[in-house]
Amino acid sequence: MKKLISIILIIMMILGAVACNSTKSNESKEEVKETEKKTDSDTDGEEVKETEKKTDSDTDGEEVERKPFKIGFSVWGTSDSHGRYVSQAASWVEELGGEVIVDVAQGFTIDAQVASIENLIQSGADIVSFCAYSGEAVIPKISELAEKNEVYFVMWDTTVSDPAIQEMVDSNPYFVGTTNEGQFEAGYETVEYLAEQGATDFVIIKYAIGVAICDERVDGASKAIDDLGLNLTYVIEVPEDTKKAVEDTLVNYPEVNAVVAVGGTAMYVTPSIQAIESVGRKGEVLTSGFDFSDTMGAELEAGDLSLVLGGHVVTTHFANLMALSAYWGDPINPDKEQLMIPYLTVTSPEDIDNFNKYVVGDVPPYTPEEMLDSISSDKTFDDFQKIAMEYSIEDVISRRGE
Amino acid sequence: MMVVNMDIKKGRIQSLFQYNKSKIAPLLGLVLLVVFFAITSKGKLLEASSIENIYNQGFPLLITSLAFVYVMATGNLDFSIGANVGFCATIACYVAFFNTKLAFPAALLTGALVGLINSLMYVFLKIPSFIACLCMMFILTAANQTLTGGGSKMVPVELLQNDYSIVRLVLLLIYIIIIVIIFHKTKVGKQLEALGISVEASIQTGVNAKLLFIVSYVVTGVAAGLAGYLMLLRVGAASPTLGSSLTIDSIIALVLGGMSILGGASSSMICAVTGSLITTVLNSGIVLAGMGGDAQQLIKGALFIIVVSISTLRESSSKNF
Amino acid sequence: MDKTPIIEVKDISKRFGNTQALKKVSMRVHSGEVMGLIGENGSGKSTLGSIISGNLKADEGSMLLHGEKYAPQNSFVASENGVAMIVQEQGTIETITVGANIFAGREGKFVKGGILNRRQLNIEALSLLEKIGVHDIRPEELTNNLSFEDRKLVEVARAFHREPDLFIVDETTTALPQKGREILYSLIKKIKEMGKAVIFITHDIDELIMVCDKVTILKDGSYVTELQKSEMDPSLIKSLMVGREISDEYYRSDSDYDDSKEYSPALIAKNLSTDRLKNVSLEIRNGEILGLVGLSDCGMHELGKALIGYYKDLKGSVAKANGVKITNTNVAIKEKIAYVSKDRDSESLLLSASIKNNINLPYLDSLSKFGFYITQSSENKHASFWSKKLDVKCSHISQPVLELSGGNKQKVVLAKWLGNESEIFILDCPTRGIDVGVKESIYHMLVDLKNQGKAILMISEELAEIIGMSDRILTMKDGELTHEFLRDPDLEESDIIKYMI
Amino acid sequence: MKTNILRKESILSGIKRVILTLLLPILLYLVLVLTSFEKFGKFDSFIMTINQSMVNLAIGWSMMFGISVNLFDFSVGSRLVLAGLIGVHFSQKFGLLGLILGCVVSSVLLGSITGLVFSILKVPSIITGFAVLLIFESLGVILSKNMVNAISSEHLVLAKGFNIYILIVLLFIFVYIMYNHTKFGFQIKAIGGNERVATSMGINTAKLKFLTYVLGGFLVGFATILYVSNAGTIQPKDGLGSMSIAFTPIMGVMLGMLIKSCNSVVGVFVGSWSITIIGSVMVAFGWESRLQNVIVGIFLIIVMGFQLNRDKLFKPITTKKNIQTNN
């Protein structure tokens, strides 16, 4: 009897879970339909659909002959704000009428990422879009997979530094390119900014080990500390209890006057602020973080927090657009260069509100027309790079005409 | 003599049903899971390339969970196996720069050594195996992070050329044959099972308990070495987190496969095979069926509970832990 | 009889897999009665006790308690209804104190406003222990620190505290030393005087006749008959149990020490010392049964284990006649020494493993082809041969041992060692908790082995058995050997007891 | 009656016991002081190490009951995170009371669900733990999407100043009484010792195990309040990431149950505190903080190896030996 109840309960649970999921995809499908209708009203609707079905009969036609696409998207998780934002960025290209599938390859492990790419390819993705968060050493394998299965791949928040790997991907016709904010520079800028505010002795909190983005930021920050003749006192690595780690550090190294978290502001900066307060050094120790958090508005206002770099949602977005252009036979980046995108630097609560409203709100920061226009055949890579570099909260607001 | 033979035959069929319910139910769960995903993925799950993917993604788990049977049969767990896989891969990667031919033996040796240390802590210092292995996990993870310098390390290109699926398949088959025969057809396996039921009675029946505990951990160590080496070839790089999920996955796979976490009479290699297949099909089926995104883990959890409850649809033993 | 019986059992049946444990058994126990329950191993007497005490559920039949319908879901419900049982196996929790053990499940009594008064609990436990005549057990002590026998007494105290209307004693006396048995007998008397009832399950016929007012005899799960006190006669009971005549003398037929034979030594122990043993030397000889007797805490059980190299900190040496030193159990088994522990269930058997695996475990080397490969057919052949030879009652050799009755379990243990071609047998209480039928066959087997020239050491607390079976008898006291007797028809129990106490 | 006099402990042996109990953390702290007297010689620093151990202590206590009945449950972290998210959400609507009730009620609920799954599925607690952990983690992620998981600073008071001591002392009294002076405590220790016998004595094992989950949930609720108030934020975790929250407290419990000279409830405190100090020692030596778990691991092996091998009597290796609890 109990077994029966449990089975029923579980079946209800799974149905609930599936239903929950399917309603979501229904919603998005409806959205897609709506956008289709919108584009229909702009051009001649029925024709578009027919030509879409015909697919790529002749390539040198007009916009309307674009192939339907499916982007497979591999992320490390959706629990942190950055992960949440980037998986949202994936859905922006849905506005162009394609399909998006997001796979969460958990645990920051290299094998999980390879398996994730395999599964995405198997599930029919035409393009795979990912960040080589487990380090660039994974790229050759994925490059090989993509070439074998004739699937385009693009990487965001990723820099290829090893020349051997660079050579390998460049020779792969299905490689589209990479987009990056310049993690090294961001780390460097953070330290520079804090140094201007009077920071001399630094503590860096690493949020992950073996994650390329994190390492680049740390390298940048360390370089800046070195160049400016400051002291890097201690590096805290992936603390389970951040507050305790920072407290211990501050007691042990009383000279420390700046704490730099190179990622996960919410996870590391807020507890650091608590720690600074609990050892009685509120106001004496500067803090800075990466990635936006819910509390940073209040913390910036109170002066507990000096600087946050983040909002790097569009690296993913531009990467996707780049891949689409290649898939449609007119690559915007034929030389597979790295597309640079600026970081958003946040100093006031209002900036954050605007970010939440305009960038990651209900409406994408770029309309479908803008997206198509940015990769249209009359644009060159330099134009595209220019559009990317213009990205800022103000830019989004101005394009909305508000 | 005829009568005896008849009796044995009749008994075999009878005992197949009576005493193997715990192994048949998980198979049913696996079949249901495959059917479920075959339908929801519109047949994609059963395509050849998809089956190849399942093989590619599932072999490390198959390797570790088969070896995990050795440890779990005695009622112990090896919490360090996942970290050991990554550590062996890193060592192999380093050795490969020196000599590609030595990489494979180096991985096996490293794994075996780690297993040996685990078992020595348990057998001679009498530290509960759970704690000993947990501590070993921390140590190996830190060592691996230090060796890889916190980032990933690419293997030499010559080594990558060895990643012919056929080589891997042959290695895997040899491994499976050896490990299954040792467990089911030799003294070692039967004595390990006996230890899981009663250490005291086993010792009094001439089982060298200490030696066998050591053997069981060395086997998981060697398996970690093999899995580490093959994973290194597959992903082409060593990384601090490589294989780290295999500990939990192995335990889950064995329980899904119908084995008791306390080991003993329920121990069987078929549990490892069924269990690791269920886990791999689950992981890849969810993506193929388009159930990706946030609900992915939720669905995994729910399906996990369903499969567990199906595989425990037997006379519920009071062996709660 | 006009009185309603305390418990009435009607047509109870129970199956375990393919084995019919009970077939339509009925029984009535009235207040002020001690009902004996006797039968061979596997006759279903313990099963019946477990059904009444709620540990098992009957497949068919009904029970009436005080004339009302009674079908306990579990032992908790049973004890709520005033039915308590002391079982054969160990029933205390080692990691908690004696006091907590005695009142386990009854702690509510000491709770006031949610808080449990530990002091009160311990005081009450102490006075309860005093009341039943136990003076040397402290309630604050961890049960872990007590001996096996003392733990049994704690169990008795716990059962007695509940002042049950129906008290079921299942083969408890086997585990108790003489002192403990007397405590139990006096308790049974007290319960009887209070107008309550006892069901006394035993295999010891003399004890049964002494304690019980009535006896119900079971055979192969079926009710045979009920005897009144006046009708009780050991040989009648035996024949009813077994279903045939059993000679009163079921030990050996010869009665003199045969000194014409050359006894060659098989196992030689020199100066053995542990914390329980003091400088013990002995020799086990081929073709001879050596009896070792003493009080249960005299160290003789430890001596048995010491002889197979079980203790790492053993001083002195144990060597086989061929000179091989027995340094650990592994060597012992390789040298064809068999050891049967007193604690059969936890030390001699793999309970949840099959009969097959139990029998084959020490013999795996010899079953292997090419030195490592064991085929299923060789396993089955060996196991079914030996289980048939010893007549183990089971549905199949894949059946888990834990489904078997006590006597059949012991047969599996012996089959294991006979199958391993053992030459030296060290048997610690081989007939403990075993009924006459199987006992007799074990005795026959021992004589057979002796005649084949095997060496046998029989450790036992039962003097009659030791006198009846041994060629030589060693007595032990406080870890030391005190005397050696040779087989002699005139040997009296009292002669031996002198050297034990 | 003369026999009714129970043994009493002399004052001297009582003092000896206290010293023995506190020996480990005191020695460890001495190492810290010797490293740098001017930094850790201050009383404030000493108090700081105690404060830092509070969260792990509360989690440790909540797991102690489960471990006593051999329930190893790694879902604690996921429950803590989910309850924390709910608590923070309620704090934004109903203030401090919302935080407390939100955390505790939801944690009790989550504990009960876990207990229910355990008792219905009848699979080992480790497996039940993994199953619900997958679900709770992803619920946390989904939930955190549509809400702000920050707690405003005026609601952090519970982890500040004297409040934290009041909370922890109340918790200690509650746990101590539950573990040592209630029917519940006695019965779970009986189950932990020998489940089969306990059942046959009329202890309702299934019900008690379920209650252990509920009580565990209740205590996790308070641990959650401390966790949230301490860090000022709570972040969802996925991919089994929440499991690591349970590791340090488990180490503390294991260490605590080894200390024979005191009650397990006090032992868990001593264990958690010792591990906290080890963490501080790491920083004081300037070692990489990733080595902390390594040092704790090696330390645990040394302490255990010493404790377990003190009596050199040969005892065959017992695999399923239960953790001994002092009564």
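Every chain is named by a letter (A, B, C and D) in the order it is written, and numbering of its residues begins at 1.
Going forward, a residue touches a chain if its C-beta (ideal position, glycine included) is under 8 Å from a C-beta of that chain, and two chains touch if they have at least 3 such contacts.
What you see is a predicted model; the values in this text were computed from it and never measured.
The chain pair B-C and the chain pair A-B differ in C-beta contact count, and the higher one is A-B. Among the remaining chains, the Cα-based centre furthest from that of chain C is the centre of A. Distance from the chain B centre to the chain C centre is 42 Å, each centre being the mean of its Cα atoms.
The distance from the centre of chain A to the centre of chain B, with each centre set as the mean of the Cα atoms, comes to 35 Å. Centroid to centroid, with C-alpha atoms defining each point, chain A and chain C lie 71 Å apart. Chain D has its Cα centroid 43 Å from the Cα centroid of chain C.
Counting only residues that touch two or more partner chains, chain C has none.
Multi-chain contact residues of chain D (touching two or more other chains) are listed as 121, 137, 141, 145, 238-240, 247, 290. Each of the following residues of chain A touches two or more other chains: 3, 6, 78, 104, 106-107, 209. Working note: touching chain pairs come out as A-B, A-D, B-C, B-D, C-D.
Within the complex formed with chain D, the residues of chain B that make contact are 74-76, 121-123, 125-129, 131-132, 134-136, 138-139, 141-142, 145, 195-196, 199-200, 203, 209-210, 213, 245, 248, 251-252, 255, 260-262, 294-298, 300-302, 304-305, 308-309, 312, 316, 318-321. On the chain A side of its complex with chain B, the touching residues are 3, 6-7, 10-11, 13-14, 17-18, 20-21, 24-25, 78, 87, 101-104, 106-112, 114-116, 118-120, 122-124, 134-138, 140-141, 162, 164-165, 209-210, 212, 215.
The touching residues of chain D, when paired with chain B in their complex, are 70-72, 117, 121-127, 130-135, 137-139, 141-142, 145, 195-196, 209, 238-240, 247, 254, 290-291, 293-294, 296-298, 300-301, 304-305, 308-309, 316-320. Residues of chain C that touch chain B in their complex: 17, 308, 310, 328-330, 332-334, 339, 341, 346-354, 357, 360-362, 364-365, 368, 372-375, 377, 380-381, 384-385, 388, 396-398, 400, 416. Touching chain A in their complex are the following residues of chain D: 36, 39-40, 45, 48, 51-52, 55-56, 120-121, 137, 140-141, 144-145, 148-150, 152-153, 156, 160, 230-233, 235-241, 244-245, 247-248, 276, 279-280, 282-284, 286, 288-290.
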